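Note that chain A is present in both complexes that follow, paired respectively with chain B and with chain C.
== the complex of A and B ==
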C-alpha cells in the first residue's frame, strides 16, 4: 500500500472505530496517532483525531434525527443514538449524497436490532421514510380533473392512472399518521396500541401530504400505484367491501375525485 | 506596504459580495429578490433531487449569478474519481449557468465509504502528484478550470514535508487550476497549527485566486472549529483586507451554516466586506438581471 493510501485507511479507521467496534485503549490510540499526527500546542495527536471522530458521529446522528424526528422522539435520545450507531455500523454511507443515508432504517428496524417499542418504531420509520422519498421526488405534471373527465369508462379495462413520483400507499400496524402528526406538532399522543391503518403519502407542489384511507380505497389506490388498469384496481377494492354496493360506489367516486384534485396522478396510459 | 495587485490568471468576473443559498431562505429569496450580488450553492444539494430545490434553483439562476461549491469531490482520496458524480456536477453547472465550480483540498472517504467530512491531506510530493493528476482529470470532464479551496484542519501529519501554502501554490501551478481562498480557514488553521496567517497569504499565488470565503468560527480554547456560525472576528476581516490588497479584490462570499439567521442578517455581515476591503456596493436589481445572463 502506498503511503497516502495507508494514511487514508488509517485515519478513516480511527474516525469510525469508536462508533463501530470496541474502542482501543487510550494508550493504544495515543501510540497509533503519534505515528501519523503531530501534537499541537494544546492537543495530543490522539485528541486531534478525536475531533474528527466525534464530529463524524454527531453529524450523521443529526441527519438521521432530522429525517426521523418522530422515531427519535418516540425512541428517546439514548436509544435513538444506540440505534443510529448500530444502523451506521450495518449501513455506512457509501454515497456522496446524504439523502440516502437513512433510507434503510425501516429495513434495519425490521431486523434483529433490539429496542423497546420496536414494531411501533418500524411503522413510524416507514412513514417518515416515505415522506423523505416524496420530498425528494422529481417534479411531475399533474393530471387535471378535466383530463380525467374526458376519459371514457368503456376504456377503464385498459387504461392506467400513473401516480406522481414518490407517491407511496401503505398499510401500518399502528395509527402511524396520527402518531407522526402528534409528535411533529407536539400534540398529545394518540393510542400507541396496534391498529391497522392505511395511508397515502405524496407531494403536492412543494408540500408533502399524508391522507388516511379506508381499507377498500387503500387496495384500489395501491393497485393503481402498482400499475393495474382502472377496472382491475377497482375490483381489488370491491373484493374487500362487504356493505351496501351503493355506498361503495359513492366512496369510490368521492375518493377518485379527491385523489385527482389533490394531484396524486401524473398521466393516463393505455395498455 | 503597497502592492501591485496580481493580474487574474482566469477570465472570471468579480461578482461582488455574495451569500450562500440555504434552505431556510428559499422562500424569502424567490419572493423578494433581495439585494445580493450573487449566490453560492452547495452543489450536492441540487444534484439527484427533484421537487422544490430544483425549482428554486431555476428561479434564483434566472435572477442572480450562481457559483457552485461542492463538498464531495474528494479530490485527495485514493479511491477512483466518481464518474457518475462528475457527470451530474457537469450537468448542474450547465443548468445553473454556474460561473465557476469549486471544491476543497481534502478527501471524504476511502474504500468506497463516505464520512461526509473534509478530511486533511499530508502535504507531500506523493500527495501533490496525486491531487494534481486528479484535478486535471476533473477539469477535462468539466471543460473548465476547477477552483480549489484551502481547508481548515485540526490535524497535521508527521509525513508532511511542505507548508499548506506551498502545496497549494504548486498544486495550482501544476494543475493550472483556480484557488478559493477561505480567509477564515487560514485563521482557523493558523491557530490549530501555530503558523503565521500573513506568511500563508504571502505564499499564495494571488493571480490564481478566484474567490474569497469569510465566515465565523467557534473557539474551543484548545483549538478552533470551522463552524460557519455567527459573525467573523476582526482578525479574519483583517486577513481578508490583506488578501484584497494582494489581489485587487475578488468575488467574496460570506458563509453562515449553523443557527442560520434571517437573510438580512447574513447579508449585513457579508457587507462588512465593503468597510474592510473597499469592495464595490451591490449592483441594482436591473443590472443584476442583466448580469445573470452568461
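== the complex of A and C ==
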C-alpha cells in the first residue's frame, strides 16, 4: 500500500471505528494517532482525530433526523440519538452518498431494539422511508389521458398500468399520514391510537405527495403496483367492498381519474 | 359484491382514465384539501440563504403555494448528501451533479442555488 493510501485508510478507520463497534483503548488511540498527527497546543493527536470522528457521527445522525423528522419528533431527541447510534452500528454507511443511509430504519425498528411507542414509530418510519424513496426516484414519463384514449378498449382489461418510479402503496396501523402531517406542520397531533389506514406516496414532478385511500381503492392500486392486469386489480378491490355497487363504480371512476391526473402512472403495458 | 360485474367497473376505470379527475386543472383548492405534499430539507445546500426563493416550489406544486412548506427550501442544488457537509471536502465528491441543472462542476454547491430538487413537506 502506498504511503498516502495507507494514511487515508488509517484516517478513515479512525473516523468510522467508534460508530462501528471496533473499540480501542485510549492508549492505543493515542499511539496510533501520534504516528500521523501532531498535537496542538491544547489537543493531543487522538483528540484532534476525534473531532472528525464526532463530526462524522453527527452528520449521519443529522441525515437520519432530517429523513425521519416525524420519527425524531415523536421519539424525542435523546431516544432518537440512541436509536440512531444502534442503527448505524448495524447499518453503517457504505457509500459516499447518504441518500440510502436510512433505508433500513423501518426494518431495524421491526427488530429487537427497545424504544417506547415502538409500533407507532415503526409505522411513521415506514411512511417517511416511502417519502424518501419517492423523493430520490428517477423522473418518469407520465401516462396521459390522451394516451389512454388511443388504446383499444377491448384490450384494456388485460393490460397493466405501470406506476411511476418510487410510488408506494401501503397500509398502516396508525393514522400515519395525519400524524406525519401534524408533526411536520407543527399542528396538534391526531389520535395516536391504532387504526388501519391506507396511503399512497408518490412524486409528481418536483413534489412528493401523500394521499389517503379507502380500503378497496388501496387494494386496487396496490395490485396495479404489483403488476396485476387491470381487471384482476379491480377484482381485488371488489372483494373488499361491501356497500352499494353504484358507490363502488363511482369511487373507481373518481379514483382512476384522480390517479392519472396526479401522475401516478407511467405507461400501459400489454400482458 | 359477487353481483358486481368487473367488466362494468373496468369500463368505468377506462372512461375515468380518459376523462381525468373531475375539474382537473382548476381544482387547486379541492386537491390541496385532501392531498399532502411532503417536504424535508434534503438539499445539500439546506440552510444556505442563497437557496431561498429559487423556485423549486413553483413547479407543478399546487398545494405548495402560500404554505410555509416552501419557506427556506426552494430550488436548491443536488439531492445527494455527503458525510462531509460543512467541510471543504465536498468539492469534487460528485454530489453536486445529480439532478442539478446548473451546479455540475461548481465548488461545493455553496451559494449556487437555482437548481431543481424535489420537495417534501
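As a working rule, the second predicted complex is superposed on the first by the 227 of 271 C-alpha atoms of A that agree within 3 Å, B and C clash if a C-alpha of one lies under 4 Å from a C-alpha of the other, contacts with A are read in each partner's own complex, and residues count from 1 in each chain.
One rule holds for everything that comes next: a contact is a pair of C-beta atoms (placed from the backbone, for glycine too) under 8 Å apart; a residue touches a chain by one contact, two chains touch by 3 or more.
Just so it is clear, the model here is predicted, and its values are computed rather than measured.
Of the two partner chains placed around the shared chain by superposition, chain B is the only one that A:5 touches, whereas chain C remains out of contact.
Contacts of A:97 after superposition on the shared chain: both chain B and chain C are touched. By the document's definition of touching, of the two partners only chain C reaches A:257; chain B does not.
In the superposition on chain A, A:51 makes contact with chain B only, while chain C stays out of contact range. By the document's definition of touching, neither partner reaches A:141: not chain B, not chain C.
In the superposition on chain A, contact is made by A:181 with chain C only, not with chain B.
Once chain A of one complex is fitted onto chain A of the other, the partner contacts of A:38 are limited to chain B, with no touch recorded for chain C.
Of the two partners chain B and chain C, it is C that touches the larger number of chain A residues.
In the superposition on chain A, A:60 contacts both chain B and chain C. Looking at the shared chain after the overlay, A:206 reaches both chain B and chain C. Under the contact criterion defined above, the residues of chain A that touch both chain B in one complex and chain C in the other are 55-56, 59-60, 93, 96-99, 135-136, 203, 206. Interface of chain A with chain C (complex): residues 55-56, 59-60, 62-63, 66-67, 69, 93, 96-99, 101, 131-132, 134-136, 145, 148-149, 151, 153, 156-157, 177, 180-181, 184-185, 201, 203-212, 230-231, 234-235, 238-239, 241-242, 245, 248-249, 252-258, 260-262.
On chain B, the positions that touch chain A within their shared complex are 44, 47-52, 54-55, 72, 74, 76-78, 82, 85, 107-117, 119, 121-122, 124, 126-127, 130, 154-160, 192-194, 221-223, 225. Residue ranges on chain A touching chain B, taken from their complex, read 2-5, 7-9, 11-12, 15-16, 35-38, 40-43, 45, 47-49, 51-52, 55-56, 59-60, 92-99, 135-139, 165, 203, 206. The touching residues of chain C, counted against chain A in their complex, run 1, 3-4, 6-22, 24, 31, 34-42, 46, 56, 59-61, 63-64, 68-69, 79-87, 93-95, 116-121.
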